[in-house]
Amino acid sequence: MSSAINRLKERMESFTAFGLAPAVLLVLTLISGVYIAFNPAQTIRGDLALWIFAKGHLAGYQESIARFEEMHPDLTVEIQLVHQHAITSRLRAALAANLDVPDLVEIEISWAGSFFRGPVDDVSFMDLRPWLEESGYIDKIVRTRFAPYSVGDRIFGIPHDVHPVMLAYRRDIFEAEGIDVDEIETWDQFIEIGKRLTRRGGTNPRYMIGLDPNSSDSFEVLLFQRGGAYFNERGELTIDDELVVQTLLWFIPLVAGPDRIGVNPGWGAPFARAVLDGYILCYITPDWRTKIIENDVGDASGKMALMPLPAFEPGGRRTSTWGGTMLGITRGTENPEKALELAEHLYLNHELLLEMFQKSNILPPLRDLWDDPVFDQPREFWSGQPLGRLYADLADDVPPQYSSPYVSITKAKMGQVISGLTAHYNRHGEDGFEEQVRQRLNEAADYVRGQMARNPF
Amino acid sequence: MSTQDSTDSSRDATSTDDVRGGTAQRMEIETNGPPPPQLPRVKVRSVPRARVLGLHVLLGVLLLLTLLPIAWLVTGALKLQEDLFAYTFLPEGWRIDRLTFSNIFRLFEEIPFFRVAANSMFVAGATVLIQLFFSSLGGFALAKYEFRGKRPIMILMLMTMMIPAQVMLAPLYQMIHHMGLMDSLAGLIVPSVVSVFGMFLFRQSMMQIPDELLQAGRIDGCSELGLYWNIVMPVSRPMIGAFCLIAFMGNWNSFLWPQIVLHTSDRFTLPIALTQQVGLYEQDYGVLLAGTLLSIVPVVILFLLLQREFISGLTAGAVKG
Amino acid sequence: MWYRFQYRYAPYLFVAPFIISFLIFGFYPIVRSIWLSFHLTAGPETSVFVGLDNYTVLLADTDFHKAVRNTVIFAFFSVFLQLPLSLGLAMLLNSRLILGRAFFRLGFFSPHLLGMVFVAILFAVVFAPRFGLLNVLLSHLGAPIERDWLGTPELVMPALVLTALWLYVGFNMVYFLAALQAVDRDLYDAAKVDGAGPWGQFLHVTLPGIKHVTVFVVVLSTIGSFQLFELPYLMLNNGPGPDQAGLTVVMYLYQNGFVTGDLGYASAIGWVLVLGVMCLAIFQLVLGGTLRRNP
């Protein structure tokens, strides 16, 4: 035994007694440690902190912040890019502890409502209405875009965008099939054509439109177009309204059953391939998605074009809305005036907004700007269409989306309703379908109301 | 295969292949002279070739399936964004001319790669080394000693492993802030100096060490800490390797907590810098894929080093003395 | 003197780092989250004591039931499908008969090298209808090529289990590989002399030899499965998937705590989870004889 121990002791004397892995880790840690020690990080602590989650905003903001700092030599601004998967967690942790709370923060539309929970006086964001009224911006910005960021008559965020929705379609295939999109005015006409162009199953399937049969993503865009909503202005749940029932009765047969003309377009690779292969002909496309299509499906250049959504009634609304971002100012900020100035500088700065449009195709919410010639530039990718003009022409018609802390629960529940109904319709068709729609909607509504009733505030 | 099986039934089946291999290996280590003319060596040769070949084919097919996604990563990192989704692997007809290194160049333009990699390396390396020491020490105590409070400690360990990190996030944020560790690499290292999973791992693997070995050490005049350092740790080499690899990778790929603690872009770790390329409203997949490809290199090297610990019989020999 | 008593005090010294780090970083968050689970909160300043209300609502919450069911199914496959495969792979790749073992080991481990965000992008490719890798492979066996794995409620869990297999079989293999190094080779010869076949040798030599590490891997896999969140969340495009077929307990916790902002309810979910998994883990440990006192 003792000889064994002696042998082990001898081994100990070598550097790698515990194996190579710890030894190598030690060396690498020391090297990287020395590197870091000789290149200390530049900590940028600003008088104003701004958190954003969209990388596309960063470069533009940095330039514009540099100009802002020139105008205010006594002021520094730090900007932090936090990924979407972490920003809500971090903001919530910061707010809960009331530590390191940013002065300004960008929030995505679907999370916004959840930050306005509780007594309206306790909301962590500043009411911007007085400032918006005083400065006159309230009339210059598309009015419905305040809805997602408002509670009662308080406005907690400045909208970054309008995000009107159009249909992107494979122009080349439509032309080959002899279809004139100018003649498509209503969904009924659209579905008619769709039934002709759709080839279900087989070796070369093709569908008229990309619609998600399992989540609320596509459905809600169409519901909003029709004037429906999840919540009304007063924050009351409206998912069991007759309009929602009717819209579901109309929507589900588009994606399920033997006559379906829609299929899930997916995202990332499946989406790009569907566009490219002409597997799906039309896509619900807000302004931001046009850029994703341009980037991810370069080979579709010149084959795509945009048309307004078909209306539910002749003469009805031809657009909807999908997505959005706001800029809020936290109530704890020590510098509310400067924060407001910065917000104005970033969000209502004409030059920056036009730059943003050119880079990301995102239409600014400031109506004065839409006269600018950049919106009339023809786009080669979109078969020479003036993309900006098309979206701008629809922007004033964008329906409101009212906020509620329960939006995300409601979306999840609606997704469940939709996928349940899709499965039911695939199996049983019209048989008992309407009762199913009503029953599932009522169950979902009961569930959400139950959650809302728990809130004593 | 089946005919081979029947002719071979008198000999051992596949599951004991490792046994013979292991014995042969140990022989090499333990004896200085030529290996004694024992059966194992002969037996190794006598295993039917068809079966060995069959095993290789099976493993090869499984490996191919496992590696398909990795192949997608490698080809993806070399494709233009417009080709990335258009072709599953290479552009149609092996159009190699459509491949590009531009993603890798862009990676170096978009993010300070070496700086960020050094941050990651330092945090992951330091964390793992500290964890290795404390966790193996704690694991040793729990495996080889009887003391009051041992079982409550085990239960406490299990509990801390089970609490979802999300529940702890806000209070932990508060504490790190009050300790002045926000926006520092220390804020990542300090809260995780003890790895509970590591303690549990070392406890379980060290239970295998015979008590006689420790007793012998004590008779030789070894202190308890000396036992740990001179006997227990060298004998645990394979598990040390496994722990280093797994803990390193966990830290190397860790995303949420670093993203919450670190504010200054110069202090970012690789996952933060890379995931920032892909957001809700815009995606730069090329940079992400190129970065992911480069960021797995250190872990691959670590894995290959660790290979050397997985030589059958190494510790068994040491334990028996 | 110190030398004589060190045997008694050494273990306390050895576990002290854990205790200290727990007292600093674990104690307060735990107390705080228990406190939260008895409150309703809104924003940073507002909270109301509600007693057990969060818990009673939770236990009647149908979505929570669904999350628990999904998670239990996933955990079952992790322990009873994935771990045996990991062990088999480890034994095979421990054998000297296999050439290029280092290469095979690295290959099977490699999926785990990639970050989770990449996995999300990748699995939109693997499970996509029409051209997805899985459908292309299966179509050679006659399966329909348009099958939408992540869009069909019944196929979400199989897709998750498959992905987890791909990710974790090679990962758990590493533990088993390390454990196999400590098995005494002579015992196999002895078993052979006693007439044990390959199966007998496995049962009587290999398994007892790696028992403690196996208990570790089983307990860890169970705990890990019940923490499942990122993988389905990212695979299913930041949500629970069709008909909530991919909703897990921790995803539900996240949705309530961080998306809806109901930290009290989220904490209650967390503690119900801890309680449930704790029972399971202690059961496993007792079964593995791990909590018994050493002789």
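Read from first to last, the chains carry the letters A, B and C; within each, the first residue is number 1.
Just so it is clear, a residue touches a chain if its C-beta (ideal position, glycine included) is under 8 Å from a C-beta of that chain, and two chains touch if they have at least 3 such contacts.
In this text, all values refer to a predicted model and were calculated from it rather than measured experimentally.
In terms of inter-chain touching, the protein chains here all touch one another pairwise.
Central chain by Cα centroid: C, whose mean Cα position is closest to the mean of all protein Cα atoms. Each chain gets a centre from the mean of its Cα atoms; for chain B and chain C, those two points are 16 Å apart. The distance from the centre of chain A to the centre of chain B, each centre being the mean of the chain's C-alpha atoms, comes to 37 Å. Centre to centre, using the average C-alpha position, chain A and chain C are separated by 32 Å.
The set of chain A residues touching two or more other chains comprises 85, 89, 92, 96-97, 268-269, 273.
Across the assembly, chain B contributes 85, 166, 170-171, 238, 241, 245, 255, 275, 309, 320 as residues in contact with two or more other chains. Residue positions of chain C touching 2 or more other chains, listed in rising order: 117, 121, 125, 131, 257-258, 263. The part of chain A that touches chain C in the complex is made up of residues 85, 88-89, 92, 95-98, 111, 114-115, 117-119, 122-124, 201, 205, 212-215, 264, 266-270, 273, 277, 279, 405-406, 408-409, 412, 415-416, 419-420, 423, 447, 450, 454-457.
Those residues of chain C that touch chain B in the shared complex are 3, 6-8, 10-12, 14-15, 17-19, 21-22, 24-26, 28-30, 32-33, 91-99, 102, 104-118, 121-122, 125-126, 131, 133, 136, 166, 170-171, 174-175, 177-185, 188-189, 192, 197-199, 201-202, 209, 212-213, 215-216, 219-220, 223, 226-227, 229, 250, 253-254, 257-258, 263, 266-267, 270-271, 273-274, 277-278, 281-282, 285, 290-291, 293-294. Chain contact summary for the complex, chain B toward chain A: residues 80-86, 114-115, 117-119, 121-122, 125-126, 128-129, 132, 166, 169-171, 173-174, 177, 182-183, 185, 212-213, 216-217, 220, 222, 229-231, 233-238, 240-241, 244-245, 248, 255-256, 259-260, 263-267, 272, 275-277, 279-284, 298, 301-302, 305-306, 308-309, 318, 320-321. The touching residues of chain B, when paired with chain C in their complex, are 12-26, 44, 47, 52, 55-56, 59, 62-63, 66-70, 72-73, 85, 88, 134, 137-138, 140-142, 144-147, 150-151, 153-168, 170-172, 175, 191, 193-194, 196-197, 199-201, 204-205, 207-208, 218, 223-225, 228, 238-239, 241-242, 245-246, 249, 253, 255, 271, 274-275, 278, 285, 288-289, 292, 295-296, 299-300, 303-304, 307, 309-316, 319-320. Every residue of chain C that touches chain A in the complex is listed here, in rising order: 40-46, 48, 53, 57, 62-63, 117, 121, 124-125, 128-132, 146, 148, 151, 153, 237, 239-244, 255, 257-263.
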